[in-house]
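What follows is a set of structures to go through.
You will see two complexes here that share chain A, one where it goes with chain B and one where it goes with chain C.
On to the complex of A and B.
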């Protein structure tokens, strides 16, 4: 067992570290820039120096790096805590791999470099009111008209649609086919006429995602990825890439922040850290957090050997998301009345615990709910049978739905 | 980053696994657990002669194979998986390590080769009737009579205490208390004045004994009164070894329970197709993988001489205990009525889960100790 980088990995890490230290934008450079502009500034800088979209081929603006190298760069970059990096996550993590697998050479020449440089931002239009967990039950229609398709319907939870330039979308193109077989995949200009984007306000007060209404929006058949009716298969490429990404964690509440809080506040005139119940809960989370960290090491080791990680790779989100919620909730309990105040100027850790408490329920739902993840672990890792499907093999148009 | 077994370690694991699956089927577990001795001397000899397992972590200059704790963790995991009934934990994990940690050079040369060959089975006696694992709970006194020591008092919950040929005993010097005066001694299993009685316990696969010392002459192991460091180190090593044994047992339970759920039918389909069962199994996997990572990490840390070993020992023991107990309960639950019967095998591991949870300190003890050690470290 060896927890150090291999010689090659260490060399790469040093190179990354040195370059980052010399090139990460300073506070002055970001002065006056909004979220988006700051993100684009940094992304372009990485692109120009060959540090953008590391895993992509060089001819598309990437670096042709290995999975472990991408992880190493990510680890070093995350030390700078640049929240704005999230802007490119969907485009880079999901849309680009799908394009590279399914689009033409010309299309990739046109689109991938601008994805890599951050000049264009992409979103992913999958979920609908009718289908989140049951994505294949989506209803937004695509109807053929000459060499174009006409889109009518609605997408929901589309992160970043309000600033995206392009997006990937899955449409129902044949309602008479069984649900998985009547879907077709496209990529779409977000400035197309007929697209109306409405922000959705979250419980945190922010609005990072949107509803999108499509009224007779036209998309060229040349922007179809895969065959007509092959949309589900193409969508799986997108979803698999979402799952393949190994989360580096970071952000939110961790053991250290709650431990620090417990040291600095009192329960009955004694530091909370000396309270037995507090200690026991903190110890529980330390054990879980460490278990997650070492489980991540096992996955990294597999990557480092060029292998696909085993069952240990499936558990990060399913364990981590509820833990965030529990820890944030507990921190607010410790704060008692002041836990109810959410003011970055006044609150402990600038309101980190309140913000995490508000964001945490979303973490258990987005990108695969806890329940779906549990199904996936049981079915794909433990080999247990799939749920009974009552909507399998019958035309989509005949599947029973609630009258709403 | 290479947090994984090497090719050689994988091969070693396969060899140990094959041996144990053959020598320790549940029929043997059931047979041996009904005996007082709790092990098969023929299998012990095979394990010693063919696989040299008792010699595994004894350094070569003391007659051992000179491997490390990662190799030991592999053996422990497989032994836990097969629920092997044998005095391996007592003799190798507890006694051999204690002797390595505290004995003089001469004592190591005297005692270790025989333990390594398996010709002598030894154990370590720490706890007394209070059942607590901290040094302050040691009340057994080593009375001095010139240069001689005699032990007066009792030890309880001693693993294989009734069958061991040599017993390493932790006592305190007269007039000492707390962490002071902690001393190790060696006593023959048939020493005059020593009364041994087998205890009836929840888990008959791990034999526990009560030992009464009535002016038993004892040879000091290492320097009398200076044993605290060695005691801490030995118990941390043992907790890590036990954690690996526990995740092996938990893995067996999870695997066999999932397999059962794919076979048992109710309402016209296998019960594993119901979400309640699937989700419960997914939860078992989560617990197991986290505990496994902690147990492996702790074993690797021992071989690296990592200064975070003490905290990792507490963490691994806590995680392994919680995982094993929960998985054991879930396993019975998913088996339904038959899971509650003697004839179905789940209860064998279920009981080992419980006895292991409290062995070497329960999860609350380890979490508290971990917090104290962590606090001191920052």
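On to the complex of A and C.
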């Protein structure tokens, strides 16, 4: 038992590290570039040198690397703290695997290399105002018209829709079929006429998500993935990859930042760190953080052996998101009334605790709420049965949607 | 990255798990709980035959000279089966004390017998209510004789010798002694406890002949060192037990119907069990960290041990109490097995320092580590 790379892994890490050191864009190179342009500059550079989309086959513009090699490159790349990396997360992590599993060879030849190179950015349009945790309850209509489908309705919580070139979408194509059976999956051009994108302002002040309105938007039947009515199965490909893409979540408040705060702030004229209650809480958070870290190491060890990580991998978000919220809340308590101030000049850690406090509710909801994640653990890991569904087998159009 | 047990170690796990399934069902635990025996002697003999008591003892002392990773594997399976054995006292505590502080002569005298299971050792630190500290110690000793009362001492009624902590005027305030328990100046009395499947005693020493272990005035440092090492092994037992509690809860929830369907379909039950799984998984990963630190003698052992210990205490307590809750009224009956993990989880969580003690140790170790 050790934490060391194998000889092959060490050689790969060195190669990656050396290439990154010589090629990560300098401040001067990024001068005057916006977020998106900086992201595209870096992605194209990786692509040209064979360092983009490591896991994908070479013929699709990837490197054909192993899972552990992809992780190692990610570890080395993350040291440069390039926030713009997130731009490609959905396209690479969710849309591309779905395309590779369901699109035609010709379509993949056209789209996958441009995804890899970052020339085209993709988004994912599943959630709707009436279809969140109950995703298959989505209502945006797709109606066949010759060789085309006409889309009308609304999607929500779509990250990056405002700069995406392409998107994947699930539509209700048969409201008379039971919920999961009346869905069909497509990909479409985000510049299609009839698409209107509006950013959603969050309680944190940011606007990472959008709502999208579709008015008589046309999509070709050739852009359908899977059969008509098979949309749910195709969507599961995307969602399985979403879960694989969700890690323990870096950034935000951690043990170190709260520990440091407790050393530098007083309770009853003594450093907070000398208070027994503070020490016990910090100990618990250290234990949780350590548990997540070493759970990650266990998964990496499985990857390193060429195996698929066990189910222990699935708990990261369920544990990490509420922990962030509780730690940020506790840090604000330690700050007493000054915790209310959210100002990079005046706040401790330039406002990290306030920012995390306000962002944390989103972390517990996005990509599966705490409750849905707990269901997933119970059903997929422990093998417990699904809850009884009162809408099962009923035509979608007859399912109640509100008290009347 | 190779943060995993080896193939051989996993084979040992399979072998241990299969053996304990055959020879240590909950019927065996119940027999000790209900009867007058202090432990299952038949099972103990088999465990000794398999060499488990000799695992980390070096070959020069007739041990197997294996690593602590093997011992962690065995600990997890013993915890999973809730084995009614003096294993933790004899192996994690008494054997460790000799390995850490024994002179060559002491090792030669005691370790081969511990390895062969011909004697059982125990550790006697506590002296009644509350946390024991060098200041609270009343047991006293001179060069060769020791007097005082120790309670509770796990396996004290059946052990052949004890590692005893007594007050000392110099150094850290304590010294450690090896005391033969089969001498006339030692009297023992079995105690009633919350977990009768693991025996405990009060031991009175009236000028008992005793032999210093380690240096005078270094007893408290030794105790802390032994506890750091034992904490990792206890944590593996606790995680094994916590997994048993989750399994019991799951099996029951799948088969128990209420309002026309299995209670396993209700989210209130699913989320409870998912929570158990999450806590068990985090605790187990911290046990891996502890196992690594113990087996490599890493300088961060105090941090790793406390981390494993706190996580395991919390996971086992949670799983064992919510297992009873999942069973409803039947879980509260003597007839059902839910009582075993519930009793054991609390016993294991308090007998080498409780949760608040280890939370404090953890933060202190982090402060020391950061200051260094």
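Convention: the second predicted complex is superposed on the first by the 400 of 404 C-alpha atoms of A that agree within 3 Å, B and C clash if a C-alpha of one lies under 4 Å from a C-alpha of the other, contacts with A are read in each partner's own complex, and residues count from 1 in each chain.
Everything below uses one rule, namely that a contact is a pair of C-beta atoms (placed from the backbone, for glycine too) under 8 Å apart; a residue touches a chain by one contact, two chains touch by 3 or more.
Since the structure is predicted, the reported quantities are computational estimates derived from the model, not experimental observations.
**Student:** Chain B versus chain C on the shared chain A, clash or fit?
**Tutor:** By the criteria stated at the top, chain C and chain B clash after superposition.
**Student:** On the A-aligned overlay, A:199 touches which partner chain: chain B = first, chain C = second, or both, or neither?
**Tutor:** neither
**Student:** Is A:271 touching anything from chain B or chain C once the two structures are fitted on A? First, second, both or neither.
**Tutor:** Touch partners of A:271: none, neither chain B nor chain C.
**Student:** What is the contact status of A:371 with respect to chain B (first) and chain C (second): first, second, both, or neither?
**Tutor:** both
**Student:** Contacts for A:386 in the overlay, against chain B (first) and chain C (second): which applies, first, second, both or neither?
**Tutor:** Both partners, chain B and chain C.
**Student:** May I ask you to decide whether A:292 touches chain B, chain C, both, or neither, giving the answer as first, second, both or neither?
**Tutor:** both
**Student:** Contact-wise, after the overlay, does A:319 reach chain B, chain C, both or neither (first, second, both, neither)?
**Tutor:** both
**Student:** Would you tell me the residues on chain A in contact with chain B in one complex that are also in contact with chain C in the other?
**Tutor:** Touching chain B and chain C on chain A: residues 1-6, 9, 68, 273, 276, 279-280, 282-284, 286-288, 290-292, 294-295, 297-298, 300-302, 304-305, 312, 315, 318-319, 371, 374-375, 377-379, 381-388.
**Student:** Could you please specify the touching residues of chain A with respect to chain C in the complex?
**Tutor:** 1-6, 9, 68, 259, 273, 276, 279-280, 282-284, 286-288, 290-295, 297-298, 300-305, 312, 315, 318-319, 371, 374-375, 377-379, 381-388
**Student:** Hey, which residues of chain C end up touching chain A in the complex?
**Tutor:** 1-6, 69, 246, 250, 253-254, 261-262, 264-267, 269-271, 273-275, 277-278, 281-286, 288-289, 291-292, 295-296, 306-307, 310-311, 314, 356, 358-360, 362-363, 366-367
**Student:** Could you pull out which chain A residues touch chain B in their complex?
**Tutor:** 1-6, 9, 68, 273, 276, 279-280, 282-284, 286-288, 290-292, 294-295, 297-298, 300-302, 304-305, 311-312, 314-315, 318-319, 371, 373-375, 377-379, 381-388
**Student:** What does chain B use to touch chain A in their complex?
**Tutor:** These residues of chain B touch chain A: 1-5, 70, 258, 261-262, 269-270, 272-273, 275, 277-279, 281-283, 285-286, 289-294, 296-297, 300, 303-304, 315, 318-319, 364, 367-368, 370-371, 374-375.
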